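See the structures that follow.
One chain, subunit A, links the two complexes that follow: it is found with subunit B in the first and with subunit C in the second.
Take a look at the complex of A and B:
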């Protein structure tokens, strides 16, 4: 055990590999023996969760002194704390919420267009006894705290489901984008010369592409499934990261410790992974936090114009449905709008807070 | 001579910049023997560092390129060996220490990790024994409470301590040759003396060959066996420390000595060398030092001086002696 763990560089890495193996085993079982243990996206999601636990939360726990230091600095940003709490709340809702709420896809026309609790509206309802339409006062009910839409689906359940979708899209697409961007940026800066030219011109070309049009195009070709939407956003959204990482890595490359480690016989890969990437990591974390809301909005926008995955209930889909009934049931559009607004704001605040906390020059 | 471990022959390193070709190293030759310390002395920009970096092929390319010459390590030409082989030699057989200890360490890893990195790489040790060896090395170079301090990060170390760490890292694989590029320039005087002591011990105890690069003749005096005075990418004068200190011949060497404060000589003004170091893009014709030389003759601006052997190993490139 000890031998193996020292080979991969510590117990942490060993456990990480173990967790990945377990995940792979489930995947194999899924493919060959049992059907549908998890949806494809959930594998992706679990992989991401494992990554975050081992390389995000675990180091934070081990280096408690540093964690405390960053927390102290982040805490001074009140809005960042709000952002963090809201995101934590959102993550909790996304994970356990769907088990507690009603089925977000259950249609019930008898309870359609119910306003949120505490509101009431006049609407014409088909009366079963008389067989006529009558205008009747419909108040909000405890059963549907946030009301229902024009098909009688529970708004709360839909919002909770939307939180899950939004976070999935936001985290996974950002992860893909950051991964590509970091590799491109670091390679470009480290290799220099023609490789740098080539990679950066490619980045320029990617940037000049109308991003949204490209998304629409990809989805048109491959179909509106959530996995493709995530991939499409991830594969197009890395350009900014690549630029930022390149500029940071360029200034790092000329620092003496890179030269020193080269003079002591380190290989290129070692220099990139041990010396360049760890030193740009704080910027990467900041840009990742700030790009999550952009990705969430992009997914919402796609869903809003009807290019979202029709099988999932995302905030954009609900928003899209809500605009048709804006004249009678305003809450259907407003509620997901508020959620989007708060989520985007929370991530932005948190990103700002983290940036200041990570920057040793900023006087907080 | 057979105990030569490193031989540099007609090394030419040019930098191809937008404003022209900088001939940073223009045909330099020297040999480094086992257990010997050789000092390269000269002003900033005379090609000392470029020479040192060329030996390990660390010149940034572009813009730099080694365009000619040979660097023979035990007869093996480092300029022509594979990058794989070069990586085995770097750090393992030939190690290098840089000028500024403040930036020579990676800020995001602990000191112990960084010293152990080389050890794991070259000696193929596991984490634990590598850390043990790192600890031993750090004690060797005089870092107090090394066991605790290994867990510290570079920003918690002072400049002198960081330079010790760099030396410890460079020594990790017991290299045969240590190239020290102005290792004491960024340090204050007392620390400088301590660091020089470490170098002296290394040379004596481990019979290590040291290529010491500095602009400071005062530093050289304490450590050098032989001295090479460089000017404008070429060798101006070379000889044993005694030759250079007792009988400096080249006007440039004289000039360097006149810049040194000397209490016993009773001088109270220092005499600087007039003028500026010439542009190496468009160097003066003939002897590169001629525009600043007080003994200038007509031939100096026409013909590049040949190296004149004065005695034994003492030679000088100056028309005054030909």
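Take a look at the complex of A and C:
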């Protein structure tokens, strides 16, 4: 992966800095001139998109031969391809879906507990004409393809909104965790001595906390908001990455090519950014892909027990509502769970495929 | 190997564990102080102080719990109290936190123990079988199922089990019955769904680990030797491969406590209404009863610490190849 940088050179860096400047400009504009264009989360998101384009997609585009090689290897994993296509579908849904579906927060008690299309249930309904409750057959309608919940909110719209939340949380929190973990790991391996000791003992302490208990504890203290949940998961989930990066960096540090560049007078920063990080990147990508589902599940679990952001409609929130109406409306609990399950499964399949594809030792 | 080596190693591990425990306590203390609302506010929100001047009440509470002292004194008090076994007062249940824990830990314990037994035994068996029959249809099926097991959100699985077996079929109660005696068949029956809920994900994980550990060992020379000297396949697998493959899997099972088991048990207890530590922490959160929440977080970390310590020590004792330095 390290051959990429020499080919691309200065232009890319310039464009990257330019994009960051534009983002900063928007931020300044937002703070000083206009009253709120974007929510704080959106900045996170734009920054993330810029990073992915410049450090993910662009190198892959420039280095088509390598891209093709990785693609060939990933493609042989049929399950990984399924995972990738499902994730692509989900991203598309999360981006354009909310413009096509109804408002997921719109309450309508006249259309409550409608089953998905093709199903039909008996339930007591308030009759507007007589003013009495009557038991009536309520079939699923085309207007609400996947049914409605006990407040008459459209399930499809809520699921689409949930896809957006889950992907936001999954990608951003993982990104933060990986970033912190990589910095910790590289620093620890590179500085050595007392710094290494201190950082690794801190990692050990963080690892001792059961992840979910710590998360619940932090949310309990600081209060639930989506941005904070993302931050909390990111700030607690970096330990595994730190250990992995440290051990890989330690073994790399003594390799010939790094020794060679050191003896040629390369600075520490240059060695870290040009040699160390590109070489641990494949492990980082694998661990990132495999930790996205864990993060998505953590957010869903928090929302499910009522510690999620009350202002967003995530799958966990819908599931929480569905648990209460299990005996009347089974679909409210079933549908978000299936989405959650498929998403996690897709990321797990993809992660497994990528791991095999990046591992030069594995024979497919 | 010298005997002193092992003792020295154990002493070293113990000191190290004590240091980590100290770090854990310190982090929880400062997290609490970093929060936007002070502990006194949380008390206030839960005491009917409407008739009095809130500022006075806050001052009284702060004086009573030592919250008016400088932070470092509070910190010292906190550590000393923890060490003396005084873990605070739960005002939502009006009893010392320690007493509350004593009353409820056993529910978590039975759930976690049964789930671990269930998932470990089944997971290891399926994993080894799948490895021995590598690339057969059974193997693919086991791999697929382990993927599904890992990916299925356990709280959703719990709800689905309730939906099918309790709501639709009516085989089980939707809520755990706390009145049952601990060692009875009825209690075991009440725990079936929770154990499956908590155990499925773990089982899937152990299946994968056991499979890959067995595959690693099957390629080793000693297996060839065992086969060459004419041992039946049953003995080769059951004795030679099994014993070598099981060690890494058991380590993983013990280390799993931190990530998977506690989080899973927390959610499982909430879904099924089992009054274990997760459930009381959950209730305490919504009552703003922070001493309980803190204590349960701490207990989780300490249990992880002790199991890791025990695993390390037992492992060195079980596996003579390990050197203690």
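In this text, the second predicted complex is superposed on the first by the 355 of 364 C-alpha atoms of A that agree within 3 Å, B and C clash if a C-alpha of one lies under 4 Å from a C-alpha of the other, contacts with A are read in each partner's own complex, and residues count from 1 in each chain.
As a convention for this text, a contact is a pair of C-beta atoms (placed from the backbone, for glycine too) under 8 Å apart; a residue touches a chain by one contact, two chains touch by 3 or more.
Not measured: the values here are computed from a predicted model.
Trainee: Could you let me know whether more residues of subunit A are touched by subunit B or by subunit C?
Mentor: After superposition, C is the partner touching more of subunit A.
Trainee: With the two structures laid over each other on chain A, which partner does A:259 touch: subunit B (first), subunit C (second), both, or neither?
Mentor: first
Trainee: So, A:61: does it touch subunit B (first), subunit C (second), both, or neither?
Mentor: Once the two structures are laid over each other on A, A:61 reaches no partner at all.
Trainee: Between subunit B and subunit C, whom does A:267 touch in the aligned arrangement: first, second, both, or neither?
Mentor: first
Trainee: Looking at A:69 after the superposition, I want to know if it touches subunit B, subunit C, both of them or none. Which is it: first, second, both, neither?
Mentor: A:69: touches no partner chain.
Trainee: According to the stated criteria, A:275 is in contact with first (subunit B), second (subunit C), both, or neither; which is it?
Mentor: In the superposed model, A:275 contacts subunit B only, not subunit C.
Trainee: For subunit A, give the residues common to its interface with subunit B and its interface with subunit C.
Mentor: none
Trainee: Which positions of subunit A touch subunit B when the two form their complex?
Mentor: On the subunit A side, the touching residues are 6-7, 9-10, 192-193, 255-257, 259-267, 270, 274-275, 278-279, 281.
Trainee: List the residues on subunit A that touch subunit C in their complex, please.
Mentor: My answer: residues 79, 201-202, 204-214, 216-218, 220-223, 293, 297-298, 300-301, 304-307, 319, 322-323, 326-327, 330, 333-334, 337, 340-341, 344-345, 348-349.
Trainee: Give every residue of subunit B touching subunit A within the complex, in rising order.
Mentor: 56, 58, 62, 87-92, 95-96, 98-100, 103-109, 117-118, 121-122, 126-128, 166, 169-170, 172
Trainee: Quick one: in the complex, what on subunit C touches subunit A?
Mentor: Per the stated touch rule, the residues are 19-20, 23-24, 27-28, 31-32, 34-36, 147-148, 150-153, 155-156, 159-160, 162-163, 167, 257-259, 261-263, 266-267, 270-271, 281-282, 285-286, 290, 293-294, 296-297, 300-301, 304-305, 308.
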